[in-house]
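My structure is below; once you've seen it, I'll send some questions.
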Amino acid sequence: MQPFLIQLLNGVQLSMLVFLLAVGLTLIFGLMNILNLAHGAFFTMGAYFGLVVANNTGSFWLALLVGPLLPFAAGFILQFFVLQPLAQRGRSTHLDLALLTFGLLFATAGAVEYIFGSAFHSIVTPDVLMGRVALLGIEYPIYRLFIIAIGIAIAVGLILVIDRTLVGATLRAGVDNREMVTALGINITFLFALVFGFGSALAGFAGVVSAPVMSIYSSMGIGIVVTTFVVVVVGGLGNLKGSFYASLIVGMTDTFAQAYLPEAELFAIYILLIAVMIFRPQGLFGAVGRVA
Amino acid sequence: MAMSFKGYALIGLTGAIGLAASASVPTYAQEKGAIKIGLMLPYKGVYAVPAESIDRGFQIALEEFGNKSNGRPIEIIRADDELTPSVGVQRFNKFVQSDKVALVAGVVGSNVGIALSELADKNKMPMVFVNAFADEITGKFCSPYIARTSFSANGFEYASGKYWASKGVKTAVTMGPDYSAGRAFIGGFKRGFEDNGGKVIEEIWTPFQKTKDYSAALTQAANSGAQIIYAFYAGAEAIQVVKQHADFGLRTKIPFIGDHWVYDEALWPALGDLALNAQHVATHYPSIETEVNQKFVKAYNAKYKQDPDVSAALGYDNGKAIMLTLEKLGGEMPQDRAKFISTMRDLTFDSPRGKIKFNAQNSALLEKVYVVEIVKGPDGKMQRKPLDQFPGAGDLPGCTKSF
Amino acid sequence: MSALEIRNLRKAFGGLQVISDLDLKVPSGQRHAVIGPNGAGKTTLFNIITGWQPPTSGEILIQGVPAKQGRPDLVTRGGLSRSFQKNMLLESVTVLENLRVACQAFDASRRSIFQSCRSFTDVVRKARLAAEQMHLDTVLHRKVNELSYGQKRQLEVAIALCAEPKILLMDEPAAGTSPDERTSLIKLINGLSPELTILLVEHDMDVVFAICDIITVLSYGRVLATGTRDQIQSNPQVIQAYLGQRHA
Amino acid sequence: MSADVMLTSERRAGAMKPLPLPASRRAYAALLVTIGFGLCALPSFVSGYVMTLAVEVMIAGIFASGINLLTGYTGLVSLGQAMFLGFGGYGIAIGTALLGWPLWISAPVTLVVVAAIAAPIGAICTRTRGVEFLLITLAFSQMFYGAAIKLRWTNGSDGMTGIPRPDLSLLGMSADNPTVFYYYVLVVAVLSLLMLWRIVTSPFGSVLVGIRENERRMMSMGYAVANYKVGSFALAAVICAVAGILQSQYTYFVNPDAMSWQMSGEGVLMVIIGGANVILGPFVGAAVFVVVKQALSMITEEYNLFFGIFFMLVVAFFRGGVLGSISALIGKRQ
């Protein structure tokens, strides 16, 4: 029984990491229907900025808090000064903006390689998160349990914010009918840029959290961004709860494929994505793809 | 009516065929100046650390010859193959066509090695691999233009399998990256281990350069019921898998046995005391008492303020073999480039790891394989202590060409 | 046998009943208009007839043949072609190319890959005829995005005609045109062959009365009245529906 | 003056400037032929390296032309075309290296198999539009990329080597000689260009352009639009597979990296740089792309950084692509 339980926990841990990354993208994708490949770039930025903070201050917690600030700024600037004006000028279609973010993804990988070189780094985990804990007859690393806890906490927090608060309501309205909300006098563009920044910060946060497990390297954002899209589409565009369940499905599929069916390891989740896009384009959990 | 577009195009085509017929075979310019050597290594990617050490060892070898071969200076042109075959091919073409190098050295990844073997053969460009341990490199893909100055996977890992079987280990589960060198190393270990009474219960493969989190694979290995995990990983992958093996508390349940790549001296800073008292096979360690080795270690320490690691020794062998061959050829690249490789094949020379001889497929053989343990030295620094010694095994058959 | 027959058509979006038990017969050759206030269900009716939207229940017969649902291309092949209220044209190609592609839809050559379009001269000839019919022969080689709005409305109808339909559905053909553009458009439509059945949706009553002889008034998805111009103008229910809302 | 859809190239609605018809079609044909002769004479007066660059440009140009048929002409932007580049390479590798068939059998069989695979995939993908189409094509290519890495029969991630170049002994030449191979690729490139030009100027091609311009109207005209989209998808796949065959012959080698989604992204970039839906656009785009990438990789280690920035600038401000902007200049001057 033990190995199955450990693989289950491994699966949940991977799911939470993917969720942290996907939830930011779900918000952005739900709001602006832009295929935002730059999300992988913000994942990388957060990790490296967290690394700088951790190396200088020696504190993991500070890296966790300060790391996501750079992606927040970058995300806000990208949306407010680049994507929004280009979209409004009407010359660039949604697809052009998607390709623009494709360029940003590689530029970030190159910039990080330029500054930090191509070595592999990691962030030292604090003593309280070191070692293992015995539960249900198995020993499991504390840090990985920490990742699971953080994922669930963020999920609950976000769903509360979106469902219960005024900001959440404005956001959901903005997604449903942007013109209407602008007509109501709410500067929706600024709010969307804020949300874009917040989504990017979440990606950066995921970068710092994943560092001890997945290590930090220049092309870390390129691989994981495709997995994130699988989660967002399976969960339903802009659907918070959906992306939580979807990240569980994707995380489990990936982990159990690695453990029990190695041949299918690299393409199991894509079969899932294609099936969902054909049979339930609005995602497994979505009403027609609206926030929460 | 003006001739339709098709008419014009047909003229263009016939013109093309005519000009093609007159094209002659390009000849390599034989200018008298520097001898240009193309050094291709994966400066980026998971094997970046070993690549750096190889480069250093290579430079030490060239400096022993004063960076000249009877009067003609040696010019090293570096290229980064990023451990990616398609990039390696592009850099190789640039070496051949644009830099007009005399020969190409280096190449760590067997995946890049396999990709270049055909190109080297077709372009008649001598290719002297520093690593690329996969057996097929000098087996199925052997060529009169390809040599390897390190050793074949079977030659090295067979001894490892034999050693652990002789230590009374009955069952093992193997782990390795899913690419040619990974399969060759684990295959070598399995032959050595099973020929001497061991049994490999399960082989676990992780996608090469794509796996960062080994928790799933390690959990399967830990529960396979085997006594040891035998793994081949190198560079950043080795750090990741050894650390996660410890994170999951498996050090007490099932030891993680590797070779001199998993516990490479260059990775000791990252591994810390996880590497302590790890026993493994190695082809070289700094305290080998031979005169050639001490001279190499002294020169390396002088230039880089640290002891050479296994990769540095391999880089040194690569450089030395090239320089000795050039010396034998009087500093002159022969018109028939295969002669450069055949001259190297007849070489035997003393290397820090022992005597180097080449077999009929231009693959260097391992005179002996050491078994070492990583212990804390008197100065508190970690070092390798020799425990045992095995003769290197031969290469697997597979080369159908004769040259 | 009537050109177009609609039998107890019903369409509901969730609870909202947009079209309820609508019956309509349009004999061939008739010029028939469908008018009604906004939200009367005109556009939905049009979309259902042309196969863009599925009906909740009911049947549509084009020349006696039930229209295949969800396949606008087969509806057109069944002889019923439509023009759009909002210009739906091939903007960055020439007027002639728009018409040539429209005529090519019914020509066996449409699937050929290895011959040039120009080699199919009868398709080009048909396209030129359609252009002449709608007075577009002077702007054949202009790109559509360089045309005036009126010319674009003419092209809308010309494209629909390329299908050599038995029934032509026109969705507010004169919408947004200037007065003289409207009169020339009306003249062109009236100049079309008498066998062609025309079903017109229009707000502008001058256009309706200039083209159509039979008018159906729709209100809240139900046929209020069908008849000649005088009958409709004197029908109390119609007056009440149009004028009554303000008093009711 | 006969109606002329052929060499006047149409633009996507609004977004780009129309390419005006040069004085007469003969001038345009003359321009093409002079380029043709220039390419033929290239090897005799240029260094070996530039020739290999030209080979890489032509192969990339054919790949981009396949994408242009789907993206430029039919208006379907896909991030998965590298999948067919890989199929072409693997098809020829399996045919010649594993099954031992001669090239003139393996190549056509590969193209037929690629079309047979592309049609059902196309039927599934073309049911979606815009961003979803981008995603589902990306998903398909990642699926085959993952499968190729795991497939032991084709050596998994190491890929296959020993793929022979065409046997030109009948013409008394060996294709291993770089100059001869350059001409072989030139001939195939010209034939692909002719084939694409034939398709685009055919009735089928005009329907594709119509679909790009306004799919709903084409449906109302009576076209079974779905079949044409699948046809365009399959034809584009075949042209990309031709590039795949040439690429694996050029390097004697193919591995899963040929199918990575970055490769598809680079293909779309070439189409945008050169100017979408123009016959020569992809080749101009490929030339600019390959030269810039090689130049950057010579100057700096971090060509990814500058390459990414270059990509963003092109997409944001350079909408018409090279040919689009040249036509804009001509447009202004006329």
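All chains are identified by letter, namely A, B, C and D, in their written order; residue positions are counted from 1 within each chain.
Criterion: contacts are C-beta pairs under 8 Å (C-beta built on N, C-alpha and C of every residue); 3 or more make two chains touch, one makes a residue touch a chain.
Computed from a predicted model, the values in this text were never measured in an experiment.
Counting steps between touching chains, the shortest path from subunit A to subunit B takes 1.
Any chain that touches subunit B and also touches subunit C is listed here: D.
Inter-chain centre distance (subunit C to subunit D, centres taken as mean C-alpha positions): 41 Å. Separation between the centroids of subunit B and subunit D, computed from CA atoms only, is 36 Å.
Centre-to-centre, using mean CA coordinates, subunit A is 49 Å away from subunit C.
Our note on geometry: subunit A versus subunit D, Cα centroid distance of 33 Å, whole angstroms.
Residue positions of subunit B touching 2 or more other chains, listed in rising order: 43-44, 207, 210. Residues of subunit D found to touch two or more other chains are 14, 149-150, 301. Of all residues in subunit C, none touches 2 or more other chains.
Of all possible chain pairings, those that touch are A-B, A-D, B-D, C-D. On the side of subunit B, the complex with subunit A involves touching residues 43-46, 48-49, 204-205, 207, 210, 212-213, 215-217, 219-220, 222-223, 236, 239-240, 247-249. If you check the complex, the residues on subunit A that touch subunit D are 33-35, 82, 86, 90-96, 98-100, 102-111, 113-114, 222, 226, 229-230, 233, 262-267, 270-271, 273-274, 277-278, 281.
Note for the complex: subunit D touches subunit A at residues 14-15, 77, 124, 127-128, 130-132, 134-136, 138-140, 142-147, 149-150, 261-262, 265, 268-269, 272, 301-312, 314-316, 319. Subunit A makes touch with subunit B in their complex at residues 2-3, 6-7, 10, 13-14, 113, 118-120, 132, 139-141, 143-144, 213-215, 217, 223, 255, 258-259, 262, 265-266.
Subunit D contributes residues 24-26, 29-30, 32-33, 36-37, 39-41, 43-44, 47-49, 51-52, 56, 149-150, 155-159, 161-163, 171-173, 176-180, 183, 186-187, 190, 194, 197, 251-253, 255, 257-258, 301 to its touches with subunit B in the complex.
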